[in-house]
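Input: one structure, supplied below.
Chain lettering (A, B, C and D) follows the sequence in which the chains are written, and residue indices restart at 1 in each chain.
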Amino acid sequence: MAIEPLTSDRSLNEECGIFGVWNVENAAQLTFYGLHALQHRGQEGAGIVSNDHGHLWQERGLGLLSTVFADPEKLQRLHGTAALGHVRYATAGASGVENIQPLMVNFSDMQLALAHNGNLTNAKTLRKQLEAEGAIFQSSSDTEILLHLIRRSPKPTFVEQLKDALNQVRGGFAFLLMTPDAIYAALDPHGYRPFVIGQLPNGSYVATSETAALNAVSAKFIRDVQPGELITLNDEGLKIDHYTNDTTLNIDAMEYVYFARPDSDIYGVNVHEARQRMGERLAQEAPAEADIVIAVPNSSLSAAMGYAKASGLPYEMGLVKNQYIARTFIEPTQSRRERAVRMKLSPIRAVLQGKRVVLVDDSIVRGTTSKYIIQILREAGAKEVHVRIGSPAFKYPTFYGIDMQTSRELLAANRSLAEMRELIGADSLAFLSVDGLKQAINVPNTGKGSGLTAAYFDGHYPSPIYDYEPELADQIAAGTVTFDPEVKPAKGEQ
Amino acid sequence: MAIEPLTSDRSLNEECGIFGVWNVENAAQLTFYGLHALQHRGQEGAGIVSNDHGHLWQERGLGLLSTVFADPEKLQRLHGTAALGHVRYATAGASGVENIQPLMVNFSDMQLALAHNGNLTNAKTLRKQLEAEGAIFQSSSDTEILLHLIRRSPKPTFVEQLKDALNQVRGGFAFLLMTPDAIYAALDPHGYRPFVIGQLPNGSYVATSETAALNAVSAKFIRDVQPGELITLNDEGLKIDHYTNDTTLNIDAMEYVYFARPDSDIYGVNVHEARQRMGERLAQEAPAEADIVIAVPNSSLSAAMGYAKASGLPYEMGLVKNQYIARTFIEPTQSRRERAVRMKLSPIRAVLQGKRVVLVDDSIVRGTTSKYIIQILREAGAKEVHVRIGSPAFKYPTFYGIDMQTSRELLAANRSLAEMRELIGADSLAFLSVDGLKQAINVPNTGKGSGLTAAYFDGHYPSPIYDYEPELADQIAAGTVTFDPEVKPAKGEQ
Amino acid sequence: MAIEPLTSDRSLNEECGIFGVWNVENAAQLTFYGLHALQHRGQEGAGIVSNDHGHLWQERGLGLLSTVFADPEKLQRLHGTAALGHVRYATAGASGVENIQPLMVNFSDMQLALAHNGNLTNAKTLRKQLEAEGAIFQSSSDTEILLHLIRRSPKPTFVEQLKDALNQVRGGFAFLLMTPDAIYAALDPHGYRPFVIGQLPNGSYVATSETAALNAVSAKFIRDVQPGELITLNDEGLKIDHYTNDTTLNIDAMEYVYFARPDSDIYGVNVHEARQRMGERLAQEAPAEADIVIAVPNSSLSAAMGYAKASGLPYEMGLVKNQYIARTFIEPTQSRRERAVRMKLSPIRAVLQGKRVVLVDDSIVRGTTSKYIIQILREAGAKEVHVRIGSPAFKYPTFYGIDMQTSRELLAANRSLAEMRELIGADSLAFLSVDGLKQAINVPNTGKGSGLTAAYFDGHYPSPIYDYEPELADQIAAGTVTFDPEVKPAKGEQ
Amino acid sequence: MAIEPLTSDRSLNEECGIFGVWNVENAAQLTFYGLHALQHRGQEGAGIVSNDHGHLWQERGLGLLSTVFADPEKLQRLHGTAALGHVRYATAGASGVENIQPLMVNFSDMQLALAHNGNLTNAKTLRKQLEAEGAIFQSSSDTEILLHLIRRSPKPTFVEQLKDALNQVRGGFAFLLMTPDAIYAALDPHGYRPFVIGQLPNGSYVATSETAALNAVSAKFIRDVQPGELITLNDEGLKIDHYTNDTTLNIDAMEYVYFARPDSDIYGVNVHEARQRMGERLAQEAPAEADIVIAVPNSSLSAAMGYAKASGLPYEMGLVKNQYIARTFIEPTQSRRERAVRMKLSPIRAVLQGKRVVLVDDSIVRGTTSKYIIQILREAGAKEVHVRIGSPAFKYPTFYGIDMQTSRELLAANRSLAEMRELIGADSLAFLSVDGLKQAINVPNTGKGSGLTAAYFDGHYPSPIYDYEPELADQIAAGTVTFDPEVKPAKGEQ
């Protein structure tokens, strides 16, 4: 009998949310509220570093924000008018507190804090090079690499050292750094991760992962950070600069499909509305003979509402989500996953009894959750269950900051549509097309890049994948996986 | 600066959920799952007593089920094939662990466990009488009174003593008792509280507060416990008896309006569907010139869907509920309640911008939450906000197991509709009528009683209120509060 | 592999320490200091009840005082100028927090707190009688019985009810009760337990188990509470009364031998000096051909110093006690007790090498600890180990407040001296004689009773043992166990 | 009102205890037992790293060993047959968990763990140099410096890199390092810190700070690690090597006086016996007209026994030490230190009443503790109190691993003997002479160095103090502080 956390049974995991603010009273408190709105981006660790007249204070710990800051003195100790915060999803084997961000380093000449959302695709290579030169890494996270690159840069100023370092790393990253004098925000050259700037009522600036966090602190949205930018928040306000001009825009499609909050806007597109349009397109692409449309709460509510609207079928509440998900023993006679699903979702028999049901979900990863939901619906009297997925089938992993299962675990990577339908026990099954997805999201065209990263579905990566190439060697050889060349090779890569 | 729990900011509080099962492997584990589905009925304490071949084991503690049973050994220590569980809302001043149920008593001749959902209206009187006779009370809860009445009954058998005791208490109660040999379930003579019997796949029986808990353990619904019944679950199965025939049916209307889960059925009426009908009636009674209908998630989703359907206006997602509500400091410059609302609910600007919004909520208690929600909607661009409440205005407290604020705190008890609208800042405000509520719920007529207790709204109580009469002395004198005579006076009451 | 607490490996366990004070600022704080000096009398639970202008506040918990009051707010919540405190040894199966004292009861007409050091020998009988009359017991401790007896007494005043109750209980007891108006201290008619009165610098009075606790709060010793007395501490000062005149003085010999602190005086006899005299007598009764005398630190330091002095042999430090005893895993390949001894005691090889050692210990219960100590000494080079015990051999259990093992577990109850020596592996073994013990302690003769209870050694009990008679039925039949008649039979006992 | 830990009120603090073992079943468990015997060397943090077939596992935390390993799973997770452990005293401002040792680093090519007892006197200089070369330090402890020096060494093998690094650091150090293949033990060139090798019954080797830890794991003493040695423990057994031949022997005198356990031997001298001889010499140098000799338990028991023996006065127990020292509030009306002393030490009035007392203590740092003890003795009736200190007066700080107060806080640095006597309130006061100390300890002469570091008392340091020179600039100028030249200057120092 094992205890299993039922709270984080998502199969895809965002690797973080970040928040920084310069020049406001109780900056750590404000950062707490901001992180609270980003908790969905990481539940396994949280930390805040504050800046009190140039001295940095740090608190961090494992677990939810409310666990880490359960002792009220922790927030109170974080004096100062600037702060950096981070919520984190911890990958297996990297769950030590030393990996919880923001990382903070005390040099003899300065203090530095660093928070990272994303994943570096050349981390392993860089780490080896740095170690060969004598560098010692404390954490197992790739974030620490940036610190070493900065400290080893021969450039004369901190900003130049930082730009130097940013030009050496590859992959997806939204970085927030804080020195005694400023906060720096930098986005990767492809814009893989969402990153926005807001302004508080007092005129000060905030940089964070999602606009939802701006709302949480009553900040108004100013602009999206653009690929390749390096933005400074300091006593003089906001300064927009860039470390490279060789950029594209390829925001991760999964932010719209699954991760970002419905109340966030990314590059001007509201996430709820994008999902609603996915549902509408899905209804057009894959209609169903049915009586009602229901969602898997809460993640697919928007898509289900869109499906219902476009199909003309009534939108109904067929499943209720328990608001109190407890860790629990799972008795050995039932699978952990089945119990998790049953503790989380309950059917409304009065709604389902005798009905032909369209079940809209946002995605299928391994398929087991879908199987148990369909069982639950049938036990509650549903006559037919037609599963409609608001995104295309997942076939490929990505490496820009979302902890996607390897393709071995992806149901769609290994099965035909008919096999999948059979396996989950649905009467019919359909996914949104890749084109449908792109049109539903419709990121404004900036001229460079396709706007979206849809590699999950079509295997086409907007940049080389560096250290991860060996993992996809077979698919690369077979030509099912392809990638664009780098926009600007790093030193020594040419 | 104070730390405040933002998790339990409801203004009305259910006083408990109960669950009992006889004859199943790992009964405590099953009870844990059952209680998990009842967590909404009480978040401040939880406990389970198991029965291992006649020996009772107890574990209980303060907080959510997941907190109380965080140590996996606690559940494992609860050996046995029968169990009783309880989740509890602790009223102020009664938060000690000694009040957490199930209460368990070790007599020289037997062990006894007791779990209670409800509130006894003659508790104070009975307690004084018992103390005058030498009884010592350990807890401050009125539940303990039943134990003393049982032990002091001159009747020869336990069942007769229990019936004797049940006939002396007044008010609302669903009791579960466990002896080494059986579980007993008893409902008050007016059926104030929901209470159902289910059957497990192995043929054994379960008694619990809501059908949602039956679903959680894969039990099928057998019947509602009827007012005045005393039901025995033991090795011989289920035995239905009664301790009185003088009964009415007056289920608490607030179970349908607010407390029970949407996936539960009470006396055959599904709660979600009842709420949907409340929304539909409300749309008929109080239409609005508007563009969209939105709900306050999650409690008023059903009513909002009903309103949208009946009004023909589009049902939209205007507010998102944060799934991770953290305890936090509240800075002194903002009200605790405002911060709580802002951390819990976020607007979707893209949906609200420039819209005339119908905001459907299930109830208004003090009105401050409504005020902050309306502010949030206006900040996000809503042009007009028309508030529609899926239940009539609260004007009177009740005493049958829901911790209703005294009438001094009830907004509707002291203000006109216009004043309320002004105070919350809505463009218009309307409540469902009492008749509308009754017709929307439509509890099957059993011949005795009106089916519902609607005293909250009309001041008419289905039975005397005993120890609470002094609280309402003015209204009784003024004739605004009235009550039916008792169906059967207790010994010495005639 | 099991985790075992190595801290409480004593084989005899005192059942409590109590402390009360009336009329001093921060009474709970002072009580904390007093209890701190009594921690050796009970390590498994602690509690304090304070009295703030007639309102009683309670805090209690499992574990050491420092654990229970780890949160500084707990002491701060205990407002008021009077307080009652208790440290507790929890017997098996009675470890719930509901058994932690002081017990506190909220009657409709008054609050009452109660702390007890001792054991009632007719508890089972009284409990059965009370339950037959409808009483409900919350705790499994016999302390609660007194509360029921008080509340059921037909006498008109609280003091008379209390006297009435005190005359019904049998066995050993030092009781402290607190009402809104006073603290009451009562000692059993045989004076089994130590109990003293002291006076603070401000003139207020303190009642507690040992004079060491008086020193801890800078109170001066006033007098020993005498058997049968009922003393009141209130705003008028100290009032000495009695509930019975039929008394003897038979203080428990184990207080001098083992339990009380060396810096305490009991009936005018300093414990350290009494132990030193035990060692001196032992040297006379059982000399040894040896080079050095060493103690088992810390409990037998006094006796060893006495033995050395009287024998003329050098007193040496052969064993060092670790001040940090940790709970730990015990690997399965070694006995828990052996590891416990080895983690607690270390030999000084430089002292022991090649020496003939007299090892003075205060007692032998099961003998296993002695066996491991002797092994340790031999491994460190001791040539001979002559064990000398500062008390007679334990052969009989007692029932007045010390949790003595049943005679089945007592080494001396079942073995000859030669067998014991063999079993523990000593070169020679001797115990102090019963006469030697009595003369070494030499409690002042008050005319009634022998002064001491030495039933552990000679089987003669100063009063009947009531509910425990069946346990010793064989020895009673054989005449090896005898007891004096009760000084004054209770109602119905004649 | 502040909460203060009363447990660690020592004014001098050892900076650690270390333990390593290669090739034994359950190596982490054995290490736990070894560290348990070294807990007196550091109570503020503990950690163990185990080696499971070349993979290192780490557990560490703040507090006592029993706190850090309270969860039994922690030890169980430390699989493997080799382990390294550390207990730590945390200096102010360095209390984060990242400073708790053993430090562990995961390089791409190997894992490395490091535990350190001592203090590097050129840490600041080295750290600055390393940072200038791009090194990033995670901890604020100087231990991490060794890691950077190793990794930056151009030498081809790990052992050569390690020797290279050891030759660059200055000050006091006993290092234990563990790689997948071996444990390495290295002692500084002056032998400032104790360090011993033992052998387990299975033939495997152990390296640790004190012989007491060897006894705790039933290992027999093999040899002291000698200054300048580098010893390898691996599958081939023990290999003794050295990284420098330029050494002296100057073991820190405070180990004998105060820190080491009485049951430990250092360079063949038993600590208890050395202290006893200090007491004997003290009796000869400073006799007293008195009735009894008493110790301050437990640290000065040995010296007091020696004083009593040499003076012919009776050795008595005048003070009892409480075994349960709790953290507590200290009320504002009394000094924290006074309360700490009173909660820790209680007088035996029966022993002290009317007596002229020789109070033997091991040292005086600030003098306040002595003042309160003397008050306690006088309150308990002592007629005269003659204080005799078993070591010379502390006048100078040292920098080799004991956290000595700066000379500003040292009573003896700033006062005459008469002033000190007056301040603590003694009838007479005397210290042991420096010569007396040296002769009492009598470390075997190895030809190089004086055997002892007595700089605390005479201001003569056996080596330069590097980064600490500015602190003692005045005394160096005045010639009261002097130091020997380094035995072998490091690169660049010549």
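Here is the rule we go by: contacts are C-beta pairs under 8 Å (C-beta built on N, C-alpha and C of every residue); 3 or more make two chains touch, one makes a residue touch a chain.
Treat the numbers as computed from the prediction; the structure is a model and nothing was measured.
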Checklist line | Set of chains adjacent to subunit A and to subunit D | finding: none
Checklist line | Cα superposition of subunit C on its sequence copy subunit D - rotation in ° rounded to nearest 5 | finding: 180
Next item on the list: Averaging each chain's C-alpha atoms to get its centre, pick out the one most distant from subunit D.
Entry: B
Check: subunit C to subunit D: how many Å between their CA centres?
Finding: 38
Item checked: subunit B and subunit C: spacing of chain centres that average the CA atoms, whole Å -> 50
Margin query: Counting only Cα atoms for the centres, state how far subunit B is from subunit D in Å.
Written below: 62
Check: So which bits of subunit B are touching at least two other chains?
Finding: none
Check: Between which chains does touch occur?
Finding: A-B, A-D, B-C, C-D
Checklist line | subunit B to subunit A touching residues, read off their complex | finding: 1, 3, 26, 29, 32-33, 36-37, 39-40, 43, 64-66, 69-70, 72, 75-76, 212, 215-216, 218, 261-263, 265, 270, 272-273, 298, 301-302, 305, 309, 314-317, 320-329, 331, 342-343, 346-351, 380
Note to self: With touch defined as at the start, can you tell me which subunit D residues reach subunit A in the complex?
What the structure shows: 97-98, 105-109, 127-128, 131, 133-138, 140, 144, 147-148, 151-152
